[in-house]
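Shared chain: subunit A. Partners: subunit B in the first complex, subunit C in the second.
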Partner chain A sequence: MIFRNYIEGNSFLHRINPVIKLLAFSLLLIVPTLFLDPITPACFLLLSFLLASLLGKISPLRLVRNMAVFALLSLGILMFNTLFFGGDKINILFHLGPLYIYREGIFFGLSVALRLLCVTTYSAVFVATTDPTLLASSLVHQARLSHNIAYAILAAYRFLPILQRELSQIRDAHHIRGGYREGFAARLSRIRRYGIPLLSNGIRQAERMAISMDARGFGISSGRTYYRITKTKFSDYVFLVSALAISVTIPLILARFGLNSGFLAGVAESLVGQ
Partner chain B sequence: MAETVQMEPPVLEVRGFSCRYPDSETWVLQDLNFTVNRGETLLILGPSGCGKSTLAISLKGLIPHTIEAEVRGTILVEGRAITQETFNGETIAHMGVVFQDPETQLVMPRVVEEIAFGLENICVPTDRMEPRIFSALQEVGLEQEKMRYTDTLSRGQMQRLALGAVLVMEPSLLILDEPTANLDPLGSSRFFTTLARLKQERKVTIVLIEHRIDLALPLVDRVLIINSRGKIIADGEPRSVFGKDISRLEEEGIWLPAAVRIAEELRLSGLSLDSSPLFLKESEKIFGALLKHGSGARRENPLDGSSVPECRVLTSTGGPESGKRMETTGMPAIEVKRVGYTYPRGTRALRDVTLSIDRGSFLALVGANGSGKTTLARLLCGLLHPQVGSIFLLGREIRRVTGSQLVHTIGYVFQNPEHQFVTEKVYDELAYSLKRHVPDDEVDKRIEGLIRTFALEGYEEANPFSLSQGQKRRLSVATMIALDQPILILDEPTFGQDMVSARALMKLVEHLHKRGITILFITHDMALVLDYAQEVAVMNDGQVIFRGTPAELFQGDKVLASASLAPPFEVRLGRRLGDPMMFKRKDRSG
Partner chain C sequence: MKQEKEKKGWARWKTVDLIVTAVLSVAFGLIFLAYGLLYIALVPVFGQVGIMLFLGFYYIIGVLVPYIVRRPGAALLASLLAAFTELLAGSPFGIAAVCAGLVQGAGAEAVFAIGRWRNYRWYMLILAAVASGIFAFGYEYFLFSYGALSEGVQLGLFFVRMPSAALLGGLLAKGIADALARTGVLRSVAIGKARK
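Up next is the complex of A and B:
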């Protein structure tokens, strides 16, 4: 599960204040999605891997493994758009029997797939280098989020594996009673039949957790203290400013060579006087 | 010292306390009156569903201040009533509660954060936390696990963490709601060792809610018994509570200390006993003298009156009682050959398991948590597939058995019955497998039979989740033999059961066994092995390290110790008196 893929460490990225990191990464993740060419997201994708391995001490292989599902999905998008491209088809590259492959198709497929990959990698790097408890603490201290909400998020994080175990128990229960069938229709009816007990068991478990929190005085006083406190350091701001600088510089350089497209590309081009 | 104790107000005083939930006619707790003095350990016993857990959260003030319920009477903590005004951080810190389920009471990702959580809630300054956290971790023996993720801990460790997480708030009163119900014997005994040390060193006051008591008993100063209608029926020192009128307690479904139960059985068999012992040494003295005196040189089985040979047969030949034994054909019911299994995440659950179970066997599978018992059971019923080796069910390789045939061959009763209910009505629950595999006109007839056998008359339309613990358990067994499966696996069948329903259940299982069903039951309860199993297999670290009769297993401690198990009280007492099996229970009525 992508949400629970925090990798223990003490790298530069690990030490960046979580909220600042969230801001910086959001920037690096949003900018490439605003361009319609494949080159911009490709550059940002490359950057994410560099960030992960140089500043986060996370090997590219590990990163790929953490986001394997999305990598496959992107590949699917690329294939689909390449084969069944519906836009203006001008340049035929080659054909396999009745299937014609157009340059525009590959171009479009790549741009969608790479943008999706960009969103995924930055999220994966963020999750891998951010201790959930520190994130919660930082959301309270730096982002002024209510601590009730922050701790509810943390409890939900603890709750995920419990829910997962519940689900596998329900699946086993059906299996053992001979109620397990293959096929699409069976799959659909499973969602309904598993959903109700999953929900009712989930609520029961959540109730227990809430009682345990109450019993230890959660929400009893309006304030609270923190065992792990997050502060912002000079290096956090350096990191944020660098991220901003990079996410502006990459499109500008690409625009200089006329390599990107989309509305913002026009803006960038006019800025660099192309 | 004695005077100061008397001068002080009680830590907890409950006066005329009653409680009922919204939309409910019946009072869960009725007119409770009791006090707990400083340094005292009070054990609260009661059948399942008697409102013990409601009491735990009421004492804490969660009822009615955060959970809605109608209450009468007062609860005074350190002489002060808990009201909306006084229900604050200080009151919360005064009382620490440890709940039954280890997993759902932990809320933070890491061990150290879990401990810190309470301190944060009551606004302890950050720089004063560390020493308190350290000493709490030390008290529960988790210093080494400080930075670990809570969901990687064993259940025993989780429960000690939950204890540490309340100890850090320096409570004057600890409320423990069945804290060891979900732990294996090793985890439970460690938990109670920790408690004993706390009681001795920190003089904490403890309210312990339990329904199995032999491990807890050495700690207990006073016992309070609540019946199924939520009323107190006994309050006093263990000796006086268990000294008289035990039959009433038994009728209420209360688990009795093993020594008390043995004494009662001896009394019923006509021997005269002035006082009931509670602990091992005194039991040895009293029972030893009594048996020597009462039956001379004959070594009579005291619990059976007549059947000396039965015990002998068991000890000498190792075979089960001949009368009960099923015809065994040459083909074993289950044959496991050199099976290995590793979970996708890399946990090697089974190394090299070989085990053959004859038809008509009644076998107990025991071992510590994580020894591979449940994995083996899941392989047998097709929820997992062996990666190495092979499994034969009634002579057929499991890989060649279709899903539908498997369902007809083997039933698997889950540890927690709630986990296996898949419908919203008792009738549908029983009909679930039947409808898929049995002609329609036969379904109703079969269900009728099952309802009768499992004493569920009148509940056909009820929601399985609304049943009592005992009914839930019976229903879960009924659903698993609905198709006349010849093999039945039960995972911790007495989990969460009070004494009455646990015994009723085991009687039912024995009945099924007599009908020819091969029984394999997984358990942590060694007394259950002693009383019911004909054979035992012990697992440790993914291997079967022992296979034999209970008598053979209980002869020495070597096998048990290497599997982190301990013999039950009955066996330890029996050994001291010369025969480990002498206190095997016989249900006269059955």
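Up next is the complex of A and C:
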């Protein structure tokens, strides 16, 4: 219901073990943060589009639309990081009166903005190719999450439409009693007047759920059977290792051409003999 | 035997604790999703530093849930669950939100751990929210390379979120939990028992 971002499919990305996929994507997201140049995150952003279309059968247009949410924010971050850049400012690009814009500043601003776009794109690819129940199952079997916690989470998710219905009920009750007012202050007081009954109803139902779970022997025996068990395959590890390899290779290649900057770039350059 | 069990009785999670944690975390995960969109819309108005005034609300889940259920690990679990909910429900911050949740939860958990998970007075709630803020700053420092920004800006990014954390993360959590406790609905969890 709330997970409309998951698209059913049978691509390679769909079939990878969710926890391993999460690990691989997190790895691919960490690398751009280690460098201060805009080329590195741009490469990883391109990589995400390639992954999505080739291995995930996700249309690039969908990813572009996903990035649109961040459009204004990225622009704001670009400006902010350019203006308040604290490193060596050498090359002046242009100036508006007393405000000077340096090339280093813009590069850094682009770097951070592109990182954000990477985050949102990889996340979108992950969410689009991961069935939430399989993710929960994978967290239990691969990440050793307590199965009680996973069960409680799934129970809570089943709960949400009920909460939604209750919200409409509360809203209607207020309307019938003539309690609706316009305005910003009214909206704030509405948050409190709807929120507390909603939360307390939710908790009351949670308590009821807990009692019925206990009555059915929840959490008593550690021997538990499962309907679907997620397993890891050889291809999962191939994917993980490839992600690691790419994470190392791209910075090294960029270092070879002197394209990256930041502390690690120096390390990479020395490794590659620049 | 019974004495041993009772000694650690306060630490054992009951089913009702777990379900209340799950329900609150999932609900707030969705609230955070909506809040995130508001956040994105307000950045052009307040700027990167000014928007930190709104950041404290994210720390509320790591304070509210422990204050209610009072079990070890509540802050970390609730924070992570809320973040995962955000991710799966389509937050643009996605995986970064999960990492942020992990870090913020760890900060709050550390504070409650120092209080041996038994001290939930108002100043502990504020400290937990502030700790979430400190840990979150550390994480953002890495993610956004704050080190490359000018020092004044770095200080601003660190300090401006603290009053927000104390108010929207700490005191608001206490306000919500106390209001809920007054309705009597929290009688079967730790906070209800503590108020008797």
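As a working rule, the second predicted complex is superposed on the first by the 169 of 274 C-alpha atoms of A that agree within 3 Å, B and C clash if a C-alpha of one lies under 4 Å from a C-alpha of the other, contacts with A are read in each partner's own complex, and residues count from 1 in each chain.
Everything that follows uses one rule, which is that a contact is a pair of C-beta atoms (placed from the backbone, for glycine too) under 8 Å apart; a residue touches a chain by one contact, two chains touch by 3 or more.
Because the structure is a prediction, the values reported are computed rather than measured.
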First, second, both or neither for A:Asn5, with subunit B first and subunit C second: second
Partner chain(s) touched by A:Ser200 [first = subunit B, second = subunit C, both, neither]: both
Subunit B versus subunit C, judged by how many residues of subunit A each one touches: C
Touching partner for A:Tyr226 - first (subunit B), second (subunit C), both, neither: first
Which superposed partner A:Ala156 touches (first subunit B, second subunit C, both, neither): second
Subunit B versus subunit C as contact partner of A:Gly178, first or second or both or neither: first
Touching partner for A:Phe218 - first (subunit B), second (subunit C), both, neither: both
Which of subunit B and subunit C A:Thr133 touches, first, second, both or neither: first
Which superposed partner A:Met209 touches (first subunit B, second subunit C, both, neither): both
Common ground on subunit A, meaning residues reached by subunit C in one complex and by subunit B in the other: 132, 155, 157, 196, 200, 205, 209, 211, 213-214, 218-219
Footprint of subunit A on subunit B - complex, ascending: 57, 60, 62, 66-67, 87-89, 92-93, 96-97, 99, 101, 103-110, 112-113, 116-126, 129, 133, 150-151, 162, 165-166, 169, 378, 381-383, 403-404, 407, 411-412, 414, 418-422, 424, 432-433, 436-437, 465, 479-480
Interfacial residue positions of subunit A with respect to subunit C in the complex: 2-6, 22, 25-26, 29, 33, 36, 66, 69-70, 72-73, 76-77, 80-81, 84-87, 108, 111-112, 115, 119-120, 122-124, 126-127, 130, 132, 135, 148-149, 152-153, 155-157, 159-160, 163, 195-196, 199-200, 202-207, 209-211, 213-214, 218-219, 262
Touching residues (chain side subunit A, partner subunit B) in the complex: 132-133, 151, 154-155, 157-158, 161-162, 169-170, 172-180, 193, 196-197, 200-201, 205, 208-209, 211-221, 223-229
List of subunit C residues in touch with subunit A within their complex: 14-16, 18-27, 30, 37, 40-41, 43-44, 47-48, 77, 81, 84, 87-96, 99, 142-145, 148-151, 153-154, 176, 179-180, 183, 185-186, 188
